[in-house]
Every structure is written in structure tokens, then in C-alpha cells.
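After this come two complexes, each holding subunit A, first together with subunit B and then together with subunit C.
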Partner chain A sequence: MPTLTYRDALNHALREEMARDPDVFLMGEEVGVYQGAYKVSRGLLDEFGPMRVVDTPITELGFAGVGIGAAMVGLRPVIEFMTWNFALLAIDQLVNNAAKMRYMSNGQVGVPAVFRGPGGAALQLAAQHSQAFESFYAHVPGLKVVMPATPADAKGLLKSAIRDDNPVVFIEGEMLYNLKGEVPEGEHVVPLGKADVKRAGRDVTIVCHSKTVAVALKAADELADDGVEAEVLDLRTIRPLDTEAVLASVARTHRCVVAEEGWPFAGVGAQVVDTIQREAFDELDAPVLRVTGADVPMPYNKQLEKAAKVDPAKVIAAVHSVLYRD
Partner chain B sequence: MATRVVMEALSPTMEEGRLVEWKKQEGEAVAVGDVLAEVETDKAVMELVARAAGTLLKQVVPAGATVPVSEPVALIGEPGEAVDNGKPTPAQKQQGTQPAPGPPPAPAAEAERAAASAPAAAAPTPEGRVKASPLARRIAAERGIDLGALAGSGPEGRVVLRDLEQAPAAAPTHAGGPPAPHPILRTPEGAAFTDVPLNQLRKTIARRLVQSIGPIPTFYLTTEVDMERAWDAREALKTLGDGPKVSFNDIILKAVAAALRQHPACNAWWQDDHIRYWHEVHVSMAVAIEDGLITPVIRNTDLKSLREIAAESLDLAERARERRLKPEEYTGGTFSVSNLGMLDIDEFTAVINPPEAGILAVGRIVEKPVVHEGQLTVRRRLRLTMSCDHRVIDGATGARFLKTLKAMLENPLAMVW
Partner chain C sequence: MAGTAVPRPRTRRRGLDAERAEEYRGWLRQMILIRRFEEKAGEAYSLGKIGGFCHLYIGQEAVAVGSLAALRADDYITCSYREHGHALARGLSPRAVMAELFGKAAGTSGGKGGSMHLFDASLGFLGGHGIVAGHIPLATGMAFAIKYRNTDQVAVCYFGEAAVNNGAFHEALNMAALWKLPVVYVCENNRYGMGTALERASAIYDISERACSYDMANEVVDGQDVLVMHAAMERAVERARADKHPTLLEVRTYRFMGHSMSDPIHGHYRTREEVEDQRKRDPIAVWSQRLIEEGIMDQAGVKALDKEIVDEVEDAYRFADEAPEPAMEELYSDVYKES
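Our next item is the complex of A and B:
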């Protein structure tokens, strides 16, 4: 199995899906001639031509709407946002058109579009460019929200997202593009709505997604040295949430920590905790704890930024707490 | 200032009472504890006693009147004192049943104690709250571990899983089920019952069955019992001389109690969010009275001799018919027996007396041809039908209880074994 970066795994998924289905096309800022701000679309313009790899002006609301219109008449657009921070300008199109068209047309008009791009904080991009918006989109009925954490999942989930007949918000990790991992060649499809146990353990479940998966795995490594076996459960899809996998894991471990990059209030973890306390109450030996980004605009200052982000030490502290080891 | 006498809650469910007869007339002297009137509650005729001393100044309501609980019925005070109609001022109303200032506080305290003790007979006050994680609570219930006896190692003494892992399983138990029977002792700790939270399966069973047949999803189990040996036993008891006459119903009460001791899963109350498995056996017996029925309770039925049961059932039935039972005598049962055999009913189904989970309907003993030990012969036979609350008792659970009961009646010595 070849080892690929996360960025190339996405590139392979796009290339394979565009080759498989002539209705699939890519549109966004700098996706063609410049080959993508993060080089996810490298080589696609040469291979598929300017009708299927379309450079746009800097008009997020406009080209998101063009993509939705194309999807309504039968194409399968992949709309790239340079980052999800910029996509705030297009959120009206996603929430009011993409998410609602099937419902408001009584099922006559679907929107089989994928909106993709990097989300979350990178390094010192400051408050306006370091935001994790998955809970915004997951809040909206009609949108699916997918967040791969590994190269293999990036490829498999993007292929599923493109083939899905409903709008999918596909949030990549800006800091994950260079992550390397084994990726199956050819037809590798990961179903939406299925979480994945990235590491099995019996003492505590760490529920995570996207960038916090690597954080949780690192925490689990350190905890193992301390005799604690943590199970790392990667949600992979935020909505629909794989509650079955969450509950099954908590039933095994009886303790849970939910880690996410975003802000704490009404975050993805709040939804996970809600499910656990309701459906697995009698399995719990301790309150479920959350580890989140600090409840502040992301600081530009390097040390403050570090302090505001989720890291293995914070996850480990939470695990100790739910194990009553503090 | 005069003291108001109000209609007291003389039974746990009483909302109003009918003043049957005045026992003190206006102008008569009254001491604390004197019977002022007889009051008919929803269950029985009870005495309304004075909580203050003085003179009965006024009967606010006439005999025969029905008065809501806490409303005034009379005034007690000094002779010649001016009286109103006894209706409370807003300030008085807030004081509830307490007398106005003047009389010593003791009667009020006594009244409060009486009011508090009546419902307590049916539902003992819960212990102090024990902090435990949901998981610890669930496992403790499954293993019969008393959480209160453990020292919790979590925050603020919360009992968590690891505290249970070091605790011995207190009593032998069925996995996930009710506590195991204690054939002789009630419980090691003396607790009257064990509350077992509902697991998901039990919750689902309860929800679906209630949807299907009503608030108490009842099913019925019938068995036929050979009563020849019970008949002989009763005849033999008759020759023992003095003492109460033992009826077949008494024998059945004794057998039911002994069988419940072996099948605690049937000696239980449905409590909506948990099931209460009683460690004590209190069998209720349905008694027909003039305009209804009532179920006096023979407390600790399993610990009493047939002779005691016979004497007590006779006394309870008599006083039930006279409507002279005290509330604590007809509440708190853990299982019921209803007998229509004396009215020539062959078999019937009885209606469960909630929160109890089971009731046994007893038909008449009838001579009929049966095959006994390979021979067609005439034997005395009895048909018993048990109504079970399916939320608490499953089919096989009820059937096992009935099997034991049948074995005891067919070999009465088994009751004392």
C-alpha cells in the first residue's frame, strides 16, 4: 500500500472521481492554474481542462451559489474554499439553499455538492483565520459534516462525499496536509456516518475528530506508559453522528473525554456528551469531560496561541480526572 | 382565643371525611385525647380526637356533613368565649392544623407525628443519599451490595467502580435479578426491602406491555391443586383442641407466604422507576364488606404459625366488616390473596392491588374425577389463578412461584420445612 500525504490522498480522490463521473467538476479560488492554495488540485487542470477545473474570482458567496445551481440541474460540483474562515461569506448559500432545497422542493430538487477546504487553526494566523466551524454547519438539518483525520480516511471519505446525493461540508485540517499515511489504491470508499476506533483500550474513551485525533493518539501513548489504556474513537463524520459507536465504546470503558479544536459552547463535544448522558447513563463511572480550544478569539502571540489550543497534556489531565487519579 | 378543630387526614388517601356522629356536645368539657366525633374516611370509621383541652364551644358542622381535610369542624375554648364560624383567617390558614396560640405545643407535635407516621407505614423514609456514579449504582444493585456501607474514593466520597471491585458481594444474588431468598432470616442487615433500579430490558418490557394492555399489564396463570392432604391436615388440626378454627384460606395464606419467601421476585412492588423487592412478607387478604371490599394485611405472614394466622385473619375480617380497621392495618401488603370459594366460584381472575405485583385468586375445593397414581378416582381439587404485573413478574417467574405453592398445598409439611 503506497504511503501518501493527506493532500495527495485528497488529490487522488478528486482525480479518481472526476475520471469516473463526467458530472464531477472542481471550482474555487486558485484551484486551476495555481493548482490550489494547498496544492490539493495539482495536475487536475492539465488532466481535465478548464471546463471541469474552474478558477473563480474572490467571491465565496457567488461561486458557492453557482455550485449549488449546478448541483440542482444535475452536476456534482466540488466547491473548494481556500479556508473555511473565508467561507463565512458563503454561509447563507450553504444554510439557506444547499441545506434546504430538497426539503422546500418537496424532494424534487437535490443538491449533490461537496464544499471542501481546510478548517481550524494553523500557526499564528490570528483570530480571524484560526477558527473551527464544524459545529456551525453540524447545527443545520440538511447538511452532512465530514472531517477526515488521516490520509486514508481523507481519500475514502471524499469519494463518499462526492457520491452522496446531498450537500456535504468537508472540512480538512490545514495542519494535516503534510501528514503521511498508507492509503489504499483505487476504489477505497469510507462510508459517511461511521466512526472509527483508531486505538483500542479498556479504561477510557477519548472521542475526537480531525486534528484532535493525533492529539488523542499521542495522549494515549503517554497514558499507556502510565498503565492506562485509552480507546481513541475518531468520529470522522460529525453529522450524522455515529452514536452507536460512541455508546458502544463508553459501554466498554465507562469513562469518556471528548476532545475538539473548536470553542466549548455548543460545540461538537456538547452533542456527544448529551448523547452519552442520555443513552449510557448507567455505564458512566464519572462525568464526561471535554477538552476544547479556549473560549477566546485565537491569540496571535505564539505562546498564548499554544495555551489556547488542545494538546496531549490537557487530554491526559482530563483522562486522569475521569479515572479519579488526580 | 378558641382553638379550631379541623378534619384530619385519618388515612393516607383521605381527602374528605363524613362526620358520622358527635361524641361531645356543645358546652361539654373536653380533655386532650377525648373522642370528639366519629368520622368515616374513604376506608373506615375513625375517631377524631381533641388536640386541645377546654370546652366544646361550637359544632361547626352537623352530624352527617362531609368536610374536606383541614376544614374546621368545631371550636374548643373557655366557657362563654365569643366564637365565630371557625373559618380561618388567612394567617390561621397558613398554620394548617395547628391550634391557635394558647394551648401547649405538645398536641400539635402529636398531630404532626400522627400525620407523618400514617403514610410512613406504607413507604418507609429513604435512607440518607449515597453519592455514587451511575455505573457503581447499577453494579451494586446487580450484586446486592449496599452502597451506603462503602467508603467512596471519588470526589466528596462518591462511590465509584473501583470501590465496588474491593467490596465483597454482600448477599448471594441472582445475576441482574432480585435478591436471593433468605429461607429463614429476613435479611442480614435488617433492611425491609431492596430497591432495584430498572435496567433497559425491564424498562422496555414495562413500556411495551403498558402500551399493549393498560397501566398494569396483567397476565394470568392457573394451576389445579390436589387438596386431599391439606384436607386431612385441617381435620387433624381440628382435633388439637382449643384455639382458633383454621380455614383453608388460612392454610393458603400460610402457603403463599412460605412460597413468597422462596420466590422474592413475586414479593415486590412496582415503583415506576424501580422495583422494590421486599425482604418481609406481608400478605393482604381481600375481605368483602357491605359496600365494597378491603384488603387487611397479615404482617410477616411467613413468620407466623397457622394458629396465629387463623386468629389474626378472623379478627381482621371481623373488624373490616365493621369498618373498624386502622389505615396501617390495610396498607403495606406485598402480595394479595382473594378467595371466592365460599361463594361456589370454581375459578376466577383477581385484579391486582397496586403497587403489589401479584394476587392469587382462590376458587372452591371441589370433588371431581381425576387420574391419580394411574387410577381414575375422586379427589378434592382446588383451582388457583395468579394475576401477575408483567412489569415485575415474568411468566416463568410466576409459574415457578405457583409450582412451589402447589407443592406446599399438596404436601403441607413443606410449609414448615
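Our next item is the complex of A and C:
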């Protein structure tokens, strides 16, 4: 199995889906001539031409709406946001148009579109460029929210998202683009709505997604040295949430920590905890704890930024706490 | 300027073509249908049979009728939330539209869309949309799809003059001009965005000039004359269909009623005299008089037509009133499509 970066895995998914279906096109800022702000679309303009790899002005609301309109009449656009921070300018289009069209039209008009780009913090990009918005979009009925953590999932989930008949918010990680991993060639499709056990363990479940998967795996390694076997459950899709997988893991471990990059208030973890307390109350040996980004706009200073982010030490501390080892 | 009427663009009076008499009568029929339908909707709203917001189209009938008559069956149409008239002019049945306003299962969206969200995909009628200017990029995307597929369809987008101050309008028009998309933007300048007069909201008075920023063809149209409206739309549609160029039409019209059913007809923002003055150019009176003058119809014929339409609207009302409510399980249908 070839080893690819997360970036190239996304590139392969785009290339394969565009070759498979002439209705699929890519639109966004710098996707064509520049070859992609993060080089995800490298080579696609040469291969598919300017009608299918469309450079746009810096006008997120506008081109998101253009994509939705094209999808309403049957095309399957992949709309790239240079980052999800900029996509806030387009949130009206995603929430009021993409998410609701099928319902408002009683099933007559769907929006089979993918909106993708990097979310979350990178390094020292400060408050306006370091935000995790998955809970915003996951709040909205009509949208699906997908967040791959590995190159293989990046490829398989993007292919599924493009083939899905619903609007899909596909949030990548800026810090993940260089991550390498084995990726199956050709028809590798990962279904939406299925979580994945990235590491099995019997003592505690760490629920995570996107960038916090690597954090949780690192924490699990260190915990193993300490005799604690942590199960790392990667949600992969935030909406629809794979509650079955969460509950099954908690039934095995009876303890749970939920890690996410975003802010704590009304975050993804809050939804996971709600599910666990309703459906698995009797399984729990300790209250579920959450590890989140700090409840502040992201500071620029390196030390302060580090303090604001989720890291293995914070996850380990939470695990010790649910094991009553602190 | 507040309280003054919208100056009409100068238009040459064109002769009527006797061979098109049937089409001309059809336009009158559609305009009266919209008027009587809206009057009945207003009545039903007052009786509590229609809920939520209900924005009537009375006074603007010639715009939808004249412009939609210039389209083909395979063209795409998007509208704002004041779209009952466009839906009827496009051929959605009065029964289905009224049933939607009543929230019934037989409505155009099964009762789940309501007054502001009428759809009929089979007629290319792709929505009433409730966010001012939010649908302008959608129509632009439909035009993009037309170009992508290399067909000769046209996308048409209706919105009020208040929408042109919104970023979505500018972002969309820039891309339409940049990419040469076959789209016609029909700005229905009815002079008020809710209660705010045009000159209290826009730095420039002539909306059509907004197109100049994007080097886009534009025209000011008298929206109270269905013939003038139709001719202008034919030019714009031809420009889109044949030349693949977008157009902005600024159509000067007037809203005879309040912004929605919950608003007064004039209130604090315009005078009774202004409304009465504008009502003198009622588009239905203008067109029926013209047809009588030119001998295409007579007074008795207009009266008989009106009677026939009143009966049709009564039928739609009865149908909607008696139609069943949606099944409760519809609450959760069509949120997602199962792939």
C-alpha cells in the first residue's frame, strides 16, 4: 500500500472523483493556476481544464452560493474555502440555502455539494485564523460534517462526501496536510457516519476527531507506559454522529474523556457527553470529562497559544482524573 | 424626495400586433389571476387560515407576467419571498400555491415551505427565498451550470431594490460578468425595502447604474406596462441565450399593499396620497384599457374574464381550505436524502 501525505490523499480523491463523474468540479480561491493555497488541488487544472477547476475572486459568500445554485440543478461542486475562518462570510449560504433547500422544497431540490478546506489552529496565526467551527455546522439539520484525521480517511471520506446527495461540510486540518500514512489505491471509500477505533484499550475511551486523534494516540502511548490501556475512538464524522460506536466503547471501558480542538461551550464534546449520560448512564464508573481549547480567542504569543491548545498532557490528566488516579 | 413617486422611464409606445392577440389576452388573464389570488390570500390571512409572513404582489403583476412570458420551459427561475405572482405566472396551479399558503399537504412544498418558499422543480421554479439577496448567488450558480453544460438555457433572478445594497448582489454580479454567465437579474424597484424608501437606503438613485461597476448590460424598465416589460425581458433573455452575457434590469414598479400582511398600507413611511397616485397606474387597468382601445378585447370580455378568474380563485381557496394537513411523520422527512 503506498504511503501518501494527507494533502496528496485528498488530491487523489478529487482527481479520481472528477475522472469518474463529469458533474464534479472544484471551485475556490487559488485552486487552479496557483495549484491550491495548500496544494491540495495540484495538477488538477492541467488535467481537467478551467471549466472544472475554477479560480474565484475572494468572495466566499458569492462562490459558495454559486456552488449551491449549480448543485440545485444537478452538478456536484466541491467548494474549497482557503480556510474555514474565511467561510464565516458564507455561513448564510450554508445554513440558509444548502442545509434547508431539500426540506423547504419538500424533497424537490437537493444540494449535493461538498464545502472543504482547513479548519482549526496552525501555528501563531492568532485569533482570526485559528478557529475550530465544526460545532457551528454540526448544529444545523441538513448538513453533514466530516473531519478526517489520517491520509487514508481523508481520501476515503472525501470520495464518500462527493458522492453523497447532501451538503457536506468537510473540515481538514492545516497541521495535518503533511501527515503521512498508508492509503489504499483506487476505489477506497470510507462511509460517512462511521467512527473508527484507532487504538483499542480496555481502561478508558478517548473520543476525539481530526487533529485531536494524533494527540489522543500520543497520550495513549504514554498512558500505556503507565499501565493504562486507552481506547482511541476517532469520530471521523461529527454529523451524523456514530453514537453506536461511542456507546459500545464506553460499555467496554466504563470511563470516557472527550477531546476536541474547539471552544468548550456547546462544543462537539457536549453532544457526545449528552449521548453517553442518556444512553449509558449505568455503564459509567466516573463522570465524563472534556478536554477542549481554552475559552478565549487564540493568542499570538507562542507560550500563550500552547496553553490554549489541547495537548497530550491535558488528555492524560483528564484520563487520570476519570480513573481516580489524580 | 420622500413621498414622491418613482419617475417612469421614457418608453416609446409600441403598436400592438393583432396576430399576438391571444398572447396579450393571456397576459391580462395572468395579471388578474395574480390580483384576485392575492386579494383572496389577504382575506385568508385575516381569517387566520394563512400564518407567518405573507407578502402580497398587488401592484407589481405586470413585472412577473411580462418577464416570465419571455422565458422557455427549461429556464431556471429564483425569486425573493414576494413570489406568489411569479409562481402563478410560471404556471404553478392556484390550488397548489394556495394550499401551500394554508400549510397543507397538497401545497407546492407539502405545506413545509409556506408563502416564502414556493417550489416546482418540474417548471424550473427553484424557490422563493427568505433572506434578502441570499438567492442572487444561487441564480448565478444555475447560470454557471448552464455554461458548464453548454446548453442555451437562461437563469433569471427576481429581487427587490433593497437587495442591491447587500454584498451578495455585488459578489454575484461580479462573477456573472467576469465569467459571462447567461443570467438576467430582474430588480423590482417597488421603491421601499419594507418601510425604507430607496433614497434613504441607496447612495445612488438609479439602480441600473449599479451594473456599470461590472461592465454589465442594463436597462430601466416601466414595470407597470406589461408590453414594455416583456420587450425589455426579451432583449435581456436573448443577450443571455445567444451572447452569454448577463443583464441587470431595473424595473420601476410599486407595491400597493404594505410590506407584509402585518404591515399597514402606508403607515409612517409613505403618504396615502402617494399610494393613491400610484394606484392610478394600476398595471391591470393600463393593460385592459390598452386591449380595449386596440379592439383586442371589449369591456364585457374583460368583465367575463374577471368573473371566470374569481371563480378559479374561489375554487383554489376551497381546495386549500378542505385539503388535509401533512402527516405528522413529514416533520422528519427530506432533512437528508438517503444515499
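To be clear about the criterion, the second predicted complex is superposed on the first by the 326 of 326 C-alpha atoms of A that agree within 3 Å, B and C clash if a C-alpha of one lies under 4 Å from a C-alpha of the other, contacts with A are read in each partner's own complex, and residues count from 1 in each chain.
By our rule, a residue touches a chain if its C-beta (ideal position, glycine included) is under 8 Å from a C-beta of that chain, and two chains touch if they have at least 3 such contacts.
Predicted model only: the values in this text are computed from it and were never measured.
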### Message
With the two structures overlaid on subunit A, would subunit B and subunit C clash, or do they fit side by side?
### Response
fit
#### Entry: Contacts of A:G267 with subunit B and subunit C, given as first, second, both or neither
neither
### Partner with the higher number of touched subunit A residues, subunit C or subunit B
C
### Task
Please work out whether A:G293 is in contact with subunit B alone, subunit C alone, both, or neither, and reply first, second, both or neither.
neither
### Message
For A:M72 in the superposed arrangement: first (subunit B), second (subunit C), both or neither?
### Response
second
### Task
Please indicate which partner A:G119 is in contact with in the superposed arrangement: first for subunit B, second for subunit C, both, or neither.
neither
### Query
Once both structures are aligned on chain A, how many angstrom separate the closest C-alpha atoms of subunit B and subunit C?
21
### Task
Name, in rising order, each residue of subunit A that touches subunit C in their complex.
25, 51, 56-57, 59, 61-75, 92-93, 96-97, 101-110, 141-142, 144, 163-166
### subunit A-touching residues of subunit C, taken from the complex the two chains share
76, 78, 108-110, 112-113, 117, 119-121, 126-127, 129-131, 134-145, 147-148, 155, 167-168, 171-172, 174-175, 178, 333-337, 339
### Query
Any idea which subunit A residues touch subunit B in the complex?
254, 281-286, 324
### Query
For the complex, which residues does subunit B have touching subunit A?
133-138, 153-155, 160-162, 197, 199-200
